[in-house]
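Two complexes are shown next, each including chain A; its partner changes from chain B in the first to chain C in the second.
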Partner chain A sequence: MKRERTVVILTIVLAAMLVFAPFLPNWTMFLFTVALCYGIVVLGMMLLIRTGLVSFGHGLYYCLGAYAAGTLEPLFGITELAVMLGSAVAICAGVSAILALLLRRYRDIFFAMLSLAFSMILYGLLVKTSSLGSTDGFNVTVKTMLGVHIAGTAYERYLIFAVTALIAWVCAVLIHRYLNSHRGRLAEAIRDNELRVEYMGASVANTIHLNYVMSAILAGLGGALMAVSVGHIDPEMAYWTTSGEFVFISILSGTGSVLAPFLGATIFESIRSFAYEYSPNTWQMALGAAMLLVIMFLPGGLWSLFRRSGRSAM
Partner chain B sequence: MSVILESRQLRKTFGAVTAAADINVSIEADTVVGLIGSNGAGKTTFLNMVTGYLKPSSGSIRFDGRDITALGPRQITRLGICRSFQIPQLFDTLSVSDNLLVGVGIVASAGKNWANAASTQGTPSDAVETMLERFGLQPYREMAAGTLPEGVRKLLDIAMAMVVRPRILLLDEPTSGVSAEEKFTLMDLVMDAVRAQKVTVLFVEHDMEVVTRYTHRVLAFSEGRIIADGEPTTVLNDAEVRKYIIGETFHAKRRGGHAQA
Partner chain C sequence: MTQLVAVLIDGLIYSSWLFIMAIGLTLIYGVMKILNIAHGSLFALGAYTAASLAGYWFEQGYPAMGSYAVMLVSAVLVGIIAGPLLERGLLRFMYGRDEIVLVLVTYATFLILEDFIKLVWGVDPYFLYQPYGLLGSFDIADLTYPNYNLLLLAIAVAIGAVLAWALTRTRQGKILIAVIHDREMAASQGVNVSRVYFVTFTLGAMLGALGGALTAPMISVQPGIGAETIVLAFAVVVIGGLGSLPGAALAALLVGIVRAATVHFRPELDLFSIYFVMAAVLIVRPKGLFSTQEARKI
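Coming up: the complex of A and B.
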């Protein structure tokens, strides 16, 4: 019942967003779109954290996904959203499947730092690549969505928001199902005791590999959706501070449910927007204070507010 | 009875130290075998080689006629050799039932790649319930494994080995850290479960009362070698075993009759 309750809540939230979004001011719809994109990335982070791994380099896939989608127009003249998202998924899956061969051998700070190193390599490459705009990046355009022309129409912003929300819903439901499957349950078992998992006949390395690739795909999707929402990409997406934001939101959210990353991302984005609006010179202080409060009073993240017991309920 | 596990000229050295020296042993199916010896005698090294944690320096191990010397722990577990640990290896943040469900899930996911999967009956939750009942763990089912008392942790550790459908179960000091009052209760539960699943058992034990009561056969280790092999009363009354392992004051006599097949 608990499993289905999560899917029902996700569906109700999705339906509410799709119905009420057209009545929201543009800036609010944009804020929710950005929060959903971040939420998708952090959903992947959550999968890794449940496996006992913290990546300080998920900006790599966030940026890779964005560039995989964005470069289709300058390279091939493609501006179809589905193809752009498909490209992000394929590139991130391919790159992560290769990098995971190395990363799955490391744990703790070594995993975190190695993943950070890979993201900074991409940052360095993009900064030096003038054909991709170097540090300035370039603009990304979506002209069609499943063949329907949307560029410049009155409902363009809403459609991008709706697609982002729908994809976020699909990702959340799939990850929720996965975490409750036999293989998904191994994530927490690996975090607790790798030796025992091997002595029960399961492969720790293969499970970490799979979870890492899934996490990278989610980060890539989040990056691609962010690229089409904002309409611009630059190498900052791979910079370590971007990866740090994902870690920040993960801690803020907690890992108790697939709903948590979206809640955390929405609160993070709201605090950042309002703090930037009302205190442009000290907005980082507001974020820092929020983090401090969460760590002091909700060490299990915001999601622990919704849990009755210490166990992961959803 | 047919031989299920066999080691030939099994040797393990760590630099100049010989932890196991030319161990030749055949274990018959459906027996309970005790491994005794002082600390550093080579019992756990033997267990670790059988389960693939340590690779032998030379020699071979055959399980059910198949050479498993080069296999790793995961492949050996999948063939049906499972183990428990001296210090229980649990998933501390998960509940007792979830600890068992992880194992049930692994067997279910492996399907035909699991040698003894055919013996699994019912749904995953049925398998968990059966194991909770067999090991008397129902009162603790929702408790996090990290919060359990030591005796219950030991039981759960063994139940986690049993839930993945072993044909041979290796127990490393199952009663260590368990109070004198609890040790026979624990062993009775384990032996009942073992009989229910028709599992061959090898266990390392320092408590000679437990060894006498529950085994059909005893292998006595000293300095990496087997110095005595036979029925418990015979081995425990052996002059060398008394001198090097159990001391002169212990008098072995079978009690309780739990070891009868």
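Coming up: the complex of A and C.
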């Protein structure tokens, strides 16, 4: 019953967004698009955090996804949205499946640091790749969506928003199903005590591997959708402070439900866009203070406010 | 030939710098098990304070050589103000929580301090170029290096030597090692653990600020230097093995030489090389070069 409630809420939110978005001013729609992209990435972070792993390098897949989508035009002249997203998913899945062979042997700080190293390797490479614009990055354009020409049309923004919302809905429902499956439930057991999980006959390594690849795919999708909706990408997406933002939103939202990352990302994006407007030099300070308060007083994240008994964020 | 000498000397200079940055970080981790992201902000605070105070010193026309003392004083000032504030005001409430939670706490601190710096010093760059050239220069194989680099090297060696001596030869050092091995047992033997933490964190903060103060003459002091530096320092301490003093020294040397070599032969791989070394070392030795085996929890 409770399972279905989450899906029902997700569907209602999706429907409401799709119906009301055309009446929203452009900047609000853009804010929601960006928040949804972040939400998809943080959904993946949530999967890892439930397994007890905090990655300070998820910018790697966020950036990889964006570049996998964005470089299709300069390399092959492809500007079809579906192909761009598919390429982001394929490349992130491939890279993460290989890196996970290594990363699944690491825990805690070492997991965080090794993933940070990998994302900084990508950053270091992109910064020096002048054909891709070095630190400036380059512009990304989408011309067609499933073959239909959308570039420059009046409903271009809305369509990209709608696609982002739909993908976010699909990801959320799938991850929700996964978390309630046998393997999905193993994540929290691994976080609590992985040795016991091994004794019970389940494979810790395989579960971590699977969760890592799924979170990488989500980060790549988020990155590609971000590239498409912002229309510009640069290596900063792989810099460790970007990964730090994802960690921040994950801690802020909590890991109680697939709804939490989207809620957290929306709050984060709203605060950020207003803070940019009114106090560009103090908004990080507010974020840092909020993070400390959440860690100290709300270890289950904002989501624990919605439940009677909050669970630990770690 | 000239190029090889250049790689070696550049590498050595860069290693000294890395070592000064990493030593405070590894000290704090070794004793308190806190991987302090805010170390980057302490670095930036040190750099900004030194740039302001020494800049003022030069403006007033005081004897130029005194600027080195001013830089040192700035580092100590930052250390004894920011260190206790952070440790007493925040971190001591967090002891005993997961290491990764402590990383997040220091990350939040880092965000706060970054904006604090912007509020106090603004976003325009500061320049403190004078101390870099004051000491004259030396020539090796057609290459000219400012003597300031030698000062950096000397300070790195001195810090390493003093810390190694203090840890192994003094009573306080032995107490510290006891705390590192077993905090509760040390406490039950009458060691004031919270005082040890307090002193360690302040010392570590001071070292971070010193790194910043010494770097200020070589760079333009601007927002973002903390974020750049902390990930380099992370690479060094993780390669060396978290909390290991000789590890940090060896890792600094390794990273310094590798980076100098790539800058000379393959400049496009500059940043890449450092993290590549980090990833490579972690793949072979998952907990760094000088790491101790830990018992598994059941």
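Simple rule for what comes next: the second predicted complex is superposed on the first by the 306 of 314 C-alpha atoms of A that agree within 3 Å, B and C clash if a C-alpha of one lies under 4 Å from a C-alpha of the other, contacts with A are read in each partner's own complex, and residues count from 1 in each chain.
Assume a contact is a pair of C-beta atoms (placed from the backbone, for glycine too) under 8 Å apart; a residue touches a chain by one contact, two chains touch by 3 or more.
Bear in mind the structure is a predicted one, so any value in this text is a computation, not a measurement.
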Partner chain in contact with A:L195 - chain B first, chain C second, else both or neither: both
First, second, both or neither for A:V127, with chain B first and chain C second: second
Which of chain B and chain C A:F118 touches, first, second, both or neither: second
Chain A residues touched - chain C or chain B, whichever exceeds: C
Which superposed partner A:T241 touches (first chain B, second chain C, both, neither): second
Chain B versus chain C as contact partner of A:A90, first or second or both or neither: neither
Partner chain in contact with A:L101 - chain B first, chain C second, else both or neither: neither
Partner chain in contact with A:M285 - chain B first, chain C second, else both or neither: second
Chain B/chain C common contact set on chain A: 193, 195-196
Of chain C, residues touching chain A in the complex: 35, 90, 93, 98-101, 103-105, 107-112, 114-116, 118-119, 123, 227, 231, 234-235, 238, 242, 268-276, 278-279, 282-283, 286-287, 296-298
Interface residues, chain A side, partner chain C - complex: 54, 56, 102, 105-106, 108-110, 112-114, 116-118, 120-121, 123-125, 127-128, 193, 195-196, 239-241, 244, 247-248, 251, 281-285, 287-289, 291-292, 295-296, 314
Partner chain B, residues of chain A touching it in the complex: 181-183, 185-186, 188-189, 191-193, 195-203, 310-311
Complex contacts: residues of chain B adjacent to chain A: 51, 72-74, 77-78, 82-83, 89-95, 98, 101-110, 114, 124, 144, 160-161, 164
